[in-house]
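Contents: one structure, followed by commentary.
By written order: A, B, C, D, E and F. Residues from 1 in each chain.
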Amino acid sequence: MPTITVQLFEGRDTNKKREYAQALTAETVRVLGCKPEAVEVIFVDVKRENWASAGELWSDKS
Amino acid sequence: MPTITVQLFEGRDTNKKREYAQALTAETVRVLGCKPEAVEVIFVDVKRENWASAGELWSDKS
Amino acid sequence: MPTITVQLFEGRDTNKKREYAQALTAETVRVLGCKPEAVEVIFVDVKRENWASAGELWSDKS
Amino acid sequence: MPTITVQLFEGRDTNKKREYAQALTAETVRVLGCKPEAVEVIFVDVKRENWASAGELWSDKS
Amino acid sequence: MPTITVQLFEGRDTNKKREYAQALTAETVRVLGCKPEAVEVIFVDVKRENWASAGELWSDKS
Amino acid sequence: MPTITVQLFEGRDTNKKREYAQALTAETVRVLGCKPEAVEVIFVDVKRENWASAGELWSDKS
């Protein structure tokens, strides 16, 4: 029952998410040996102003 | 201090969320024996294009 | 596909978790109108030394 | 590699988030003794209708 | 800066986790076009008594 | 009602967590202007074999 939550910057379109969800699911099935039906993938779109690395918002990085 | 985070498809209105938060809180109080004031419920609205089961986005399921 | 994650203090036994999971699932089905098979519940046991309210660890509260 | 996820009510502007991310990062570096580059901060804006305490939505509290 | 959190049943050994982390990272780099250094993977081991599907704990499933 | 979840490597003792929880809470109160009672802090101890950066487990890094 692996549940994969991916926090990523907003802006990827549905085609990209479709491809990415398929890839994550396929690798999970291959490596863990579970059924595809057991795999859930949830994307969390994060705005650049909501993510800081080393104390600096990504919306501020040039 | 139970904190209940619910990831669910977007689209439920405030009336539904109000009823659902009350129900989850009431059952938590009844089963765990804690005070209502100790219970937090957070809803996370997820778009169908951001959730995949078995590698397929829910926005693609017919 | 509601996924319910509950952070709670460690110490509840399996009987209690079984009853609680059933209760949360039943209320989710009743209020949201989804199938039981769509509901996932994940418990996260938290040590009292890993949870602070108002800046005080619960392991320090008398 | 501390990763700090903050769920907070929506409505804080970018200036406030910038100041808050800096403060959380600085305290993490000071107390844990890690490098700033190791610290990630992610803000999750939550609507008042998506958060209930004691079974009551915050959008309903007067 | 994709951060991938995987909730999975406990019991996978370090070799399996190493292979899985590499696979998830490689696919993320390939599909999203980011650098490997930007990808974080965090595994959350979940006991079968802490996960219920359709209201039934996995430790109870035969 | 800010809820701060910190994923960090396991190994910090209770004294360190106490100091860190106080610091995070104090900065939250100062910057956001909320009451201390509104601030929750939850620590999630992560094993080095459960965290990978750039596809490499931290338990493998020399």
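By our rule, a residue touches a chain if its C-beta (ideal position, glycine included) is under 8 Å from a C-beta of that chain, and two chains touch if they have at least 3 such contacts.
In UniProt terms, the chains line up like this: A, B, C, D, E, F = 4-oxalocrotonate tautomerase.
Predicted model only: the values in this text are computed from it and were never measured.
Trainee: Could you tell me which chains are in contact with subunit E (4-oxalocrotonate tautomerase) and with subunit F (4-oxalocrotonate tautomerase) alike?
Mentor: Correct list: C, D.
Trainee: Quick one: how many steps at least from subunit B (4-oxalocrotonate tautomerase) to subunit D (4-oxalocrotonate tautomerase), stepping chain to touching chain?
Mentor: Graph distance in the chain contact network comes out at 1.
Trainee: Between B-C, B-D or A-C, which repeats the contact pattern of E-F in over half of its pairs?
Mentor: Selected from B-C, B-D or A-C as the counterpart of E-F: B-D.
Trainee: Once you find the CA centre of subunit D (4-oxalocrotonate tautomerase) and the CA centre of subunit F (4-oxalocrotonate tautomerase), what distance in Å lies between them?
Mentor: Their C-alpha centroids are separated by 12 Å.
Trainee: Measuring centre to centre with CA averages, how many angstrom lie between subunit A (4-oxalocrotonate tautomerase) and subunit F (4-oxalocrotonate tautomerase)?
Mentor: The mean C-alpha positions of subunit A (4-oxalocrotonate tautomerase) and subunit F (4-oxalocrotonate tautomerase) differ by 22 Å.
Trainee: What are the residue numbers in subunit E (4-oxalocrotonate tautomerase) that touch two or more other chains?
Mentor: Within subunit E (4-oxalocrotonate tautomerase), residues 1, 3, 7, 40, 42, 51, 53 contact more than one other chain.
Trainee: Using the touch rule from the top of the page, what pairs of chains touch, sorted by label?
Mentor: All touching pairs, sorted by chain label, are A-B, A-C, A-D, A-E, B-C, B-D, B-F, C-E, C-F, D-E, D-F, E-F.
Trainee: Mind listing the subunit F (4-oxalocrotonate tautomerase) positions that touch subunit E (4-oxalocrotonate tautomerase) in their complex?
Mentor: 7, 46, 49-57, 59-60
Trainee: Enumerate the contact residues on subunit F (4-oxalocrotonate tautomerase) facing subunit B (4-oxalocrotonate tautomerase) in the complex.
Mentor: So the residues of subunit F (4-oxalocrotonate tautomerase) touching subunit B (4-oxalocrotonate tautomerase) come out as 1, 3, 40, 42.
Trainee: Taking the complex as given, what residues does subunit D (4-oxalocrotonate tautomerase) use to touch subunit A (4-oxalocrotonate tautomerase)?
Mentor: Contacts found on subunit D (4-oxalocrotonate tautomerase): 14, 17-18, 21-22, 25-26, 36-37, 39-45.
Trainee: Could you pull out which subunit C (4-oxalocrotonate tautomerase) residues touch subunit B (4-oxalocrotonate tautomerase) in their complex?
Mentor: Where subunit C (4-oxalocrotonate tautomerase) meets subunit B (4-oxalocrotonate tautomerase), its residues are 1-9, 12, 16, 19-20, 23-24, 27-28, 30-32, 51, 53, 58.
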